[in-house]
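There are two complexes below, and they share chain A, which is joined by chain B in the first and by chain C in the second.
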Partner chain A sequence: MSQELPIGTLVKDEQFTLFESVGALEIMDPKMDSGFLAPGETLEDEYDITRPLLPEEIIGIMDQLLCCEMSWHEGYPLAQTLFTSHYIDKLLSTESKNIDDIQFEQGHEQHGGDLVHVVLRAYCIGLIKCCDYALDEINRSLEGGGTRVNFYEEEDFSGHTYGRELFTGISKDSIIAALYEAEEVIENEAAKDPPPDGIAPVYAAIKTRIEFRIELLLAMFTDEQHSYPLDESWMNVSAYLPDQYNTHHLGKAVPESFSPKIQRRLASTVPPKPMVELSYEDAFKKLQQMCLDCREAVRIVDFGLEHVQRLKAFLWSFNSRKPEPLSYPRACLSAPLFGCDDVGFEQLLRRDLEEVLLPNDPILDPVNWTFEAPQSQVANPEPRYEMANAVNRFTQSSIHMAGGYIDLYRSLCSNRCRLRRNLCHVVLALEEHQTRETEPLDEIINHLSNTSPSFPLSTWTYLAKLQTMTWIVQLGFELDIYLPDELAGMYWYLSLLAQSQASVLKLILPTLHQRVIRPQGSTTQVHTTISYLESRLAEMNATKSLADALFSLYTYLRYLNKIPDPASNSPFYNAQQRYELRMKPFLDVTGATVPPFAEYSESITLFGPYSSPTVNIRSITPEYLSNIDTLVKEAKAGFASVKKMGVKAAMCEGVEGWWMKNVNSVLASCVAAGIAVSAVRGRVERSEEEVMGVEVLEPGKRYHDWWVVPKIS
Partner chain B sequence: MADPPPSPLSTYLSRTIRVHTTDSRIFVGQMKCTDRECNIVLGLAQEYRPPPDSVLQTKAVEQGIGSGSGSGSGIAKLNVQFSSRYVGLVVVPGKYIRKIEVEEYIGGGGGGGGV
Partner chain C sequence: MSKDQKPLPVDGKAKLRYVQYELEKEHIFLDPIRQLISKDLSEPYSIYVYRYFLNQWGDLCYMALDGDTDELRGVVVCKLEEHRSGTFRGYIAMLAVVEEFRGKGIATELVKMAIETMKARDADEIVLETEVSNTASLRLYERLGFLRSKRLHRYYLNGNTAFRLILYLKEGTGSKKPREGYVGPEYGDQAPPVEPGPAFPP
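Showing the complex of A and B:
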């Protein structure tokens, strides 16, 4: 009947679009149809999984499986990694209610011996269970704590199981028992008399791998109760790594036990894809790093929710880890945090307010929360009830908005590139919160409490907003978003942001000093907050100085024609549009408004056009460079004072190492900036500008990724 | 340009159809689209595959049904398990189609409508 259709006519479902049809897999096309078989080709391989294996082959297969496992953690789908193993495929292909049902071969007769049916089987089951735990942890990290944002975790990780269950229902204890049984088999084999030459280390190597798997299961186990601290569990896992690595050469790979054909039987809406082959060397490095990252991530439990700035510092420190942690370790960090419900996050926000602005303040007195709502409209409500009510409205609306307080934590738990983009949403939410909610609530609070800082909620929100904006610009440097010719302008803007933050901090500090002079109750908390704010103020002043120094240095180098500027030759280049693009995250922000383009443009071209400056650059050089020197010195002194005030003042206890390294790197950047300035001076004094080399270092090669100090030669 | 009169084929749109391909697989899914060459787009398709010939032969001998070649209606008589899997949206080119069957709805809500 179809032949009656005129050429080019389609008969189609109205809802079905041609656009959709592009996604259809073409059957019988070998590149798209995973079920296509070439003539004579069979769907199944001829591999016999019940054939006896040499002990060396057991090591080989275990190590190959480990490579697959790590490729999966790295982001490849199971179909291209673990599911390419005939052994794994067989164990997963039957529905099993308990571990005894999971066999390579049904029935009593078992060909291939204990090495296959006890040892390899137990190892494979343990491995699959580890994947189950990893998936569970990652899912929990995405589900918990009032999830309102989009997740992009699928960019980093593939959680698709093709309709198979990864032994979710099989208990950890039964699997560990099976692994112990495997260990026993190995011990008995090794004790056989007389042992063939050179076999002892091979059995020892298998034993190490089994023990490693047991420890890994214990560490990845996702239920609440753990017999001992999790970071210790991860240390135990790490302890088995060197022995495994050193015995890898004893193994004999069995490549035919893996096949890309297995994916043809999996429920799959994608074309067939090749197996992922990760070298043992690389897989092992990733495993090693993963164990270290997990060990750090699980410390989140020790940090708890008591000290908010410390918690944030910990999240920052984890987020800054290089190489970037894989999805699973990040899930180990965020699953416990987002296990917290909305009420938990509201408490967290109240503590945040308390730590930054309202230490031991009547506004946040827990007693306020003990009053009942007034029975009638007429009755004069208890002022303390009203205060608590205003704070509740503030915290609730911040928790519930997209990009709000929970999303700040979501951002800090995402990967480094996402962090910056997510923080852009956080800024907009803070902005909305400040313009819509905080002021009327502040008026209620001001009216009720005359000893507290005025407009506390607005102040906190504004400060948080400025801080987030500063981070966004600084992460821009780290992620190498700005071109070399933009560095001057972006440091100019960073300086403005740091200055705004400093001026807010300067406004808060006197109100707290007042509280010390006229104390109401204990002042310990007030002193802690004062130290914290002073540390932040010093940091912001120093940030401003260093940003100014780099802004001036890059501007100067621009006039010497030393900064590459490939973009401006493009016919599509438009300086104003580029500026607007860079400022896009901040365009809607009030209070810290983005300077107009004219102002920006004037600042970075203060001596007129780069090609024809209005002053003789040479004649202004000595004074100009000595100004930069002064700024660098101020910055260095500032960061040194932050260091001197210490980790406690900065509320970074628990991540001392990270904090110290951070401060020292910034100090090193100051030193490098000083050296760069004198190198420039030397070249210019000797009239050698022509041969002067200016290198803008890429991230990773800088002393601190947030500070792009040019290298002058 | 005036719309051509609707083809009688359009009554099968959105209905569940079974497409047999030349390699003895069967695809069952919702008919989304077809054309002059009888290329068929199936939505939410499931792939069914008969066991390999060797298995079929043994089964045929066991059940005493001739010397089954493993093709055509022979398979239907054999009591064998087809393996199935979900493949989603697929297009089956007309040249590989051996047979098309329409699944009848119980209660006979024929054609049209759809999702």
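Showing the complex of A and C:
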């Protein structure tokens, strides 16, 4: 066959995909061929890891290792970070059963002295063990209950160890003992008489680094009795940070002890890639933030599974942290949560139903779950058994479907970008659940309980779906997905979603008020739910008002030709197709169907084409802007009432700070919107539209990232 | 289209001609294309990546050549195939223009030609990724009508975040469903990152 092909003809296998082509290597290309050497280049470096080191060099190496460690936490592979260190490489190159086997140099004769063989060695072992703990926590968070779909996040973390074990079998206690021994060596060195000038702070700096490593090991340690690190441990770690930072300048870097060439020895087909360069300044900042994030994340165990809305609020608050928490702190949050099994998540969902819709309701009476299944089909089944059975079918199918109830929690534990994308899956699952499952089950329940809200499962699912859709749009603003010319339309749509949520809440509330008027047993829980729903209703009404205000304001600015619309002259521009693309996550949704394009188009061009409006914009200005003012005032009053109802009504206890900051930021957005409207009015009244500046602020520069209030100048 | 397109004057002096790639001319153009694209990449693609695209969709690759010397000034590389979502999806994989020739609309022209060809071949949509910080690239595509559909955290090997940009070419694209039993040709959600962002200059 080869004889029949002209030279240079390419043979392509049908199965050779892009994925494979990206992974393919070219021999003799220095960036791809792991064995390729430049003239005079050696395959490996000559670095003597048993050479004696100055105390200053110990600091330099420790600090460089910390930079590598933080780069790894940031998502870069070990090969380009910690595994570029000759010291780390040596310690991991042989399999060790106990800590005494882990040496830079085998045998009794140890060149280089205690600073290398006791101090640096103990530090390196401690560091590798910390990586082992991190890896374990991250793996547990991924493997835990309810891994249904590919919600993995390979972009955030590289767990590849190239076949090396990161001292998993070496006990923490023996490592800590080695670190104490190292501390002793330093103390003895420091006490030597007479100490050379200026050496005392150097030894103190090394000691701080050893103590920091001990505290970090204790904080990251997870075992059976203590299945989570406590927040105090993280405070202890943080306590060692300032001293480390302030003594970094005492170190002397040893760059030759790191080399990208070590990658050639790793079990990997990938050629050596450049070492990741992270400055000490940046690494330290990341470490500092990681400690704070971990301290917050471990609070998950205090939240427990008792109060579902509170738990969700905590997950939201953690997910909203800026800068975004790294994978390890997020794993500290999610590992305990997903340690929960399917039954646990079913209970969680039942409590969710209870808190939102069915407080102290006969449908969820625990007694219902104590009845046996009927023996034969003829016998009249116990109605309470039937009820429990219907609820069970609902919870079981909800947690088991892709994008279902567990995946809502998975979404809330992912990075911010994935949160929005995963919520799109959650919406589809809720949609499917609502159209295929809930109604027949609701009919059983309706038939058996006449005091409860009718169609509770469908109602809960519909409300959850609307809430998720609202979040997706709001996160779209935060993630800078929408272009300036889309803002009017997206706020118009947000207003519709908020309104739909409000109407569902308004339907539920009277049934609960009935329960208070004709109480069956305690009404405490009913009151709690009523307060919660009222808080949500106020929030949705205010959201609608502010969304309407911004929709109107951006529409108006559009007519003044102040919002760029760069695509309108493109040969590929098609407004209807843009709308379809934008509404893609919601196209399959029923109940709150995406409005037809004509309706959308009419709303955002209510005065005709932007370039040739059917009315004189100037003549309608006073009335139009005063309408926006009214909307802003309504929004402000609405959010103020949410604030007044308080954190308890909102079921956000435990994250008071976050909740308060959130409400205040939205209130500040309302104030900013009011100012923007006045500024526009002023400019137009003075006929200065031409020189009026309109700035669409990017995320991070807004009072609240969900509210893009234009800055008028 | 455009195999015999007339030279387009781009600015006062530089005359360029835009041509479709041809497999028969691999020996002339493949190396310059590789050099141009890999210039801005932190990690190079193997020759197989280029051949993967050019051998299957060479007609979706357009080059801007110097009107006199035929030197390569810019290139766009694409593919077009059924996506697992059920759409017939065009994908802009790489776009690069020689540094001294940037800011003259060459990239826009190349992308337009590629889109026109994919549109003529019945594409439902055009998709690509670009770095969130690459404002020049975002501006180029958004001027053509692309919208941001997703933000992809740490999408590129260098740890940078990307936007996925999409342009629908047909009504009803958003509602298309996968064919029964159809399994997409690619591994995972998308092709692995092929860094069109870094390849396109600021």
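By definition in this document, the second predicted complex is superposed on the first by the 675 of 713 C-alpha atoms of A that agree within 3 Å, B and C clash if a C-alpha of one lies under 4 Å from a C-alpha of the other, contacts with A are read in each partner's own complex, and residues count from 1 in each chain.
Criterion: contacts are C-beta pairs under 8 Å (C-beta built on N, C-alpha and C of every residue); 3 or more make two chains touch, one makes a residue touch a chain.
Predicted model only: the values in this text are computed from it and were never measured.
**Q** Would you check which partner chain A:Arg421 touches, where first means chain B only, second means chain C only, and both and neither mean what they say?
**A** Touch status of A:Arg421: second partner only.
**Q** Going by the contact rule set out at the top, does A:Val301 touch chain B (first), chain C (second), both, or neither?
**A** So A:Val301 meets neither chain B nor chain C here.
**Q** If you count the residues of chain A that each partner touches, which comes out higher, chain B or chain C?
**A** More residues of chain A are touched by C.
**Q** Which partner chains sit in contact with A:Asp156 here, chain B, chain C, both or neither? Use first/second/both/neither.
**A** The second partner, chain C, only.
**Q** In the superposed arrangement, does A:Leu54 touch chain B (first), chain C (second), both or neither?
**A** Neither partner.
**Q** Looking at the overlay, what does A:Met692 touch: chain B (first), chain C (second), both, or neither?
**A** After superposition on chain A, A:Met692 lies in contact with neither partner.
**Q** Is A:Thr42 touching anything from chain B or chain C once the two structures are fitted on A? First, second, both or neither.
**A** The answer is first: A:Thr42 touches chain B but not chain C.
**Q** Please work out whether A:Tyr573 is in contact with chain B alone, chain C alone, both, or neither, and reply first, second, both or neither.
**A** So A:Tyr573 only meets chain C here.
**Q** Going by the contact rule set out at the top, does A:Ala679 touch chain B (first), chain C (second), both, or neither?
**A** Touch status of A:Ala679: no partner.
**Q** After superposition on the shared chain, which partner residues are touched by A:Arg582: those of chain B (first), chain C (second), both, or neither?
**A** In the superposition, A:Arg582 touches chain C alone.
**Q** Which chain A residues lie in the overlap of the chain B contact set and the chain C contact set?
**A** 8, 10, 12, 16, 20-21, 24-26.
**Q** Looking at the complex, which residues from chain A come into contact with chain B?
**A** Touch list, chain A to chain B: 1-13, 15-16, 20-21, 23-28, 33-37, 42-44, 163, 265-269.
**Q** Quick one: in the complex, what on chain A touches chain C?
**A** Residues of chain A touching chain C: 8, 10, 12, 16-22, 24-26, 29, 31-32, 74-76, 155-156, 273-274, 415-418, 420-421, 479-483, 486, 566-567, 570-574, 576-578, 580-584, 587-588.
**Q** In the complex of these two chains, what residues of chain C are touching chain A?
**A** Residue positions touching the partner: 26-27, 42-49, 51-52, 55-56, 79, 112, 115, 119, 125, 132, 139, 142-155, 159, 161, 163, 166-175, 185-188, 191-192, 194.
**Q** For the complex, give me every residue of chain B touching chain A.
**A** Contacts found on chain B: 4, 7-10, 13-14, 21-23, 25, 27, 30-38, 41, 43, 47, 49, 52, 83, 85-94, 96, 114-115.
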